[in-house]
Amino acid sequence: MTSLQSSLRPVPRAAWWIINTSLAALVLYPFWVVLSQSIKSPAEAAAAPPTLFPGSFSWGNFAKLFTNENGGAGFIQQLGNSVLVSVGATLLTIVLSTLACYGFARLRFRGSNLLFFATLATFMIPFQAVITPLYLVLHQIGLTNNLLGLMLVYTTFNLPFGIFLMRNSFAALPSSIEEAALVDGCGVLRAMVRVLLPVAIPGVISTALFTFFASWNEFFAALILMTDQSKYTLPVALNVLSSGTFGTLDWGALQAGVAVTIVPCIGIYVLLQKYYVGGMLTGAMK
Amino acid sequence: MAHNTIVTARPGKSGRPSVPMRPLKRRRTLSTSRSRLGAMVVSPALILLTVFFFLPVVLMLWMSLNRWPLLGKISFIGLGNYSAAFQDQDFLRAAGFTLLYTLIMTPMLLVIGVALALLIRRPGKASRVFQSIYFLPVVVGFAAAGYLWLFMAQPNIGPMLDLLTRAGLASHSDNWFGTFATALGIVCAMVVWKVAGMQMLLLNSGLQSIPVELEEAARIDGATRTQVFRYIILPLLRPTLALLLVFSVAGSLLAFDQFYIMTSGGPANQTITAVYHIYRVSFQGFQLGYGAALSALLMIVLAIVSAVQMLILRNSDHN
Amino acid sequence: MKRTKLAAALALAASLALTATGCGAPSGSDSLQASSGGEPSGTITLWARDSQKGFMDILADAYNKSHKAQVQVTIVPSGNFVQKFGTASAGGSGPDVASIDLVYLPYFASTGVLQDITDEAAKLPYKDKLSPSHARLSTWEDKTYALPFTAEASVLFYNKELFQKAGLDPAKPPASFEEILNAAKKIRALGPDTYGFTMAGQCGGCNIFEFTPSVWASGGDVLSADGKTAKLDSPEVTKALTFYKQMHDAGVMPEAAKTDSGTAQPALVQAGKVGMVVLGAFFTQTLNTDKKIDYGIAPIPGETGGSASFAGGDNIAVTTGSKNKPAAWDFVKWATGDEAQTLLAKNSIVPVRTDLVKSVYASADPRNEIFSKALETGKTPYSVVENKLFNDNNGPWATMINEAVFGGDVQAAQQKAQQSAQQIIQTGP
């Protein structure tokens, strides 16, 4: 769908450019703020009123961010926690949802339909609504204040989406192809890996991206479930930075922290935009 | 809002996985082993969902019938927590505020989303670039976005306030977080910045499914642009709009991060949302039982929203 | 397969049901004495809030150098301390030793997460020479659960340079509401970026420390002595709130004060833009390191004179969940001993020992005299729901101050807060 009649354009060409350029500037402005603020020298970053452009380039805020040890749990460790939890939840979600999807779509068993619908029913209740008992469950099995616990929670709440997203590609595959593989002497699992997985790849990538972004950015559960500063993920680490030490808030370091939190997401989005956007449309519209 | 909205996607139309064609010569043992394998590959996901989702839901209902302090003795009090909820002024105010926020946010996002979608509906590389730019904030988390906008609007040091001051529209010492209207306004601006790109994208794909011939025919018949939009585009966009409506309603009802981070519930507790109140009750007041009762109430509201979503989508499927 | 799954789910449900009834802190061994009778050993963890970061590491280093047992310090943000310590204790992942803001002591003692140290504390040679307010807060139902650790007192800081510029006498700090207001107005007149006074308008913990002394010095209180009755609607509270409201209405406070959660206030003072502020002893350390402003310290006056101070600081306790209580107790004992308390004083922290404070602390700077005096006369509210009443930034206390000072109706704000505070007291922790 690329050819549209000029008559259908809501605004004339020049106005279109002006509006879009201004809107783009507006949308990009906050990114400029976080970037310029974090590369100012710490002194300049605290200036009131603020400078429009950084007077000089400095790693000072990042240096403060990464050397600001809070009882042995610095920002580097919290960055590591974020990577660990997000990557772990992503891998786990992919593996479990691919397996489950294959089971639901291809290896049906008694009650599988019912279970499939139960899985999808979890869409209806987001985890914010069950956080209190969820905390207690984790607490009882010793997984509060535990990165594995957080990883499993993120996995659980991204699984239904992954299953939902991939089931189309699995269901659409003609069973004859799979049978051919079976006849060729492949085991069922081998058949899955050889035949089904390639079909599912776009769904897998979309699921992975969603899970990664959701886990990387998640604030509420991490705030509640993690008690130890050495276990915090980045969004909660920002919360610590913003509460300051001795009541003094270091805005330069905080913006450097925001930059560190945002940059990986933007990088991944720019690289894999196609899958992310495509997956979102599949998930929402198909 | 972003990740919740995604998760609420529609399982309606083809929710049932297609039944694979069964080979005629299949022996019974193969079938048994296949279904056994099926149960096996499905079970890890189901175990996780059971432990971290279904069990908490059941536990929540049980907890809500007890006085359940984090530290100390648990005692059964029946529906006491629920009757307390309806007398809890703080909770009622939080529920009212959440409703207000939803009523403000939803139409605002829809209008801005539609406007952006129409704006980028033009062939060529430029509009794809603009589309990517508008979508960019969607991948930023609420926490990061919250701290960024908190800084931009800070009195004295905030760059956005500074720009507006230079333009003569504000003053450096203004405190936008100091009054209810401006505090809510700045949060709404942040959420629009962060979420509108996604609304735009979904609407854009809805627009693309509208046949161009239809619009052309209408134009030939002498319809104005406004009439085309009003009588052709809008009705055909209805399912997408309905979907977005449910997205932003559910997302707004669950708002927490943006208010916790940017306003801390202030000024004078006027921006505490339902989830924020539950957080305070459960994890600052340590009254887990009461928190569970409030969560159960929230769950009922969300289930109703989801049910409405199903209904709308089912109806639109028949069109 | 199905059966296994079901079994797993049942086992989990059963374990939940079993443990649900005893959802308290899991406790380790109860003895505070090393079983062998020798020197305690092993590693213990200690939690402290972020404002103690500066000296906790120094203290831990000193202990670790001279002891077989080793202590590891974890800093928790002040605002999250109660939540983090509470949830961690419930989950069994709490520390061995906790340095806790003294106002929270009654609550934590009542929930059973702190070790009863009544007998051991009574054996300390300096047991009668500890800050009385700290000692009172360490006690719950006649048992002792913590030892006083660090002291803190609220005072009025004023910028001598700004006083001079405004034609005020830097040697004669204001001693009544009216004098503060007049001085603030004169300083405000110095320039558009200079303010007479500032406060943290959205911070309950800051204001129980900074604002309550104005009530006390005027002869009133915010809570009855037994902690059972809220007194937020008392006339002395009205007077103090009205006084702050006058300052706000006169424009002597920056707009940012209304939403300050305590993070903006010190920076403004450090930058020399504020004439007067109420803060604590910890702030002298900041100002002394900075050397940017010439400051004076005065007692916080009441309506027409008098003075009062909030006796704050930390108590230090052994947790019931500790797996190494002998070492934990050894550290707690050491932290209140001569060596540690002297070390604290060297780092500008007020010691809790009334027998040491003059020699090791007050002698260092004449301005410190006022803090050591506050140690003996300072007040602290005692309540098992202190956090919900006062320190909670969305609680009745913080909300009342925000609404009264920056809003319109002082009395209406008081009525509302009083009702909600009394409700919290009745409901209990």
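Labels A, B and C are assigned to the chains in the order they are written; within every chain, residues are numbered from 1.
Quick note on the criterion: a contact is a pair of C-beta atoms (placed from the backbone, for glycine too) under 8 Å apart; a residue touches a chain by one contact, two chains touch by 3 or more.
In this text, all values refer to a predicted model and were calculated from it rather than measured experimentally.
In terms of the distance between Cα centroids, subunit A is separated most widely from C. Annotation: B-C is the more contact-rich of the chain pairs A-C and B-C, by number of C-beta pairs in contact. The distance from the centre of subunit A to the centre of subunit B, with each centre set as the mean of the Cα atoms, comes to 15 Å. Inter-chain centre distance (subunit B to subunit C, centres taken as mean C-alpha positions): 39 Å.
With touch defined as above, residues shared between interfaces to two or more other chains in subunit C number as follows: 12, 16, 20, 87, 90. Those residues of subunit B in touch with two or more other chains are numbered 36, 39-40, 46, 51, 55, 59, 154, 156, 283.
Residue positions of subunit A touching 2 or more other chains: 46, 135-137, 141, 224, 239, 242.
Interface residues of subunit B facing subunit C in the complex, by the touch rule stated above, are 36, 39-40, 43, 46-47, 50-51, 55, 59, 68-72, 74, 89-90, 154-156, 173-175, 177-178, 263-269, 272, 280, 283-286. On the side of subunit C, the complex with subunit B involves touching residues 1-2, 5, 8-9, 12-13, 16, 20-21, 23-25, 82-83, 86-87, 89-90, 111-113, 202, 254-256, 258-259, 261, 387-388, 392-394, 399, 402-403, 406-407, 420, 429.
Interface residues of subunit A, counted against subunit B in their complex, comprise 1-5, 7-11, 16-17, 19-20, 23-24, 27-31, 33-34, 37, 46-50, 52, 96-97, 99-100, 102-110, 112-113, 115-120, 122-138, 141, 152-153, 155-161, 163-164, 167-168, 170-172, 175-176, 178-179, 188-189, 210, 213-214, 216-220, 224, 234-236, 238-239, 242, 251, 254-255, 257-258, 261-262, 265-266, 268-269, 273, 276-277, 280-281, 283-286.
Those residues of subunit A that touch subunit C in the complex are listed here as 46, 70-73, 135-137, 139-142, 144-145, 224, 227-230, 239-240, 242-249.
Across the interface of their complex, subunit A is touched by residues 12, 15-16, 19-20, 50-51, 53-54, 72-80, 84, 87-88, 90-93, 262-267, 270, 282, 286 of subunit C.
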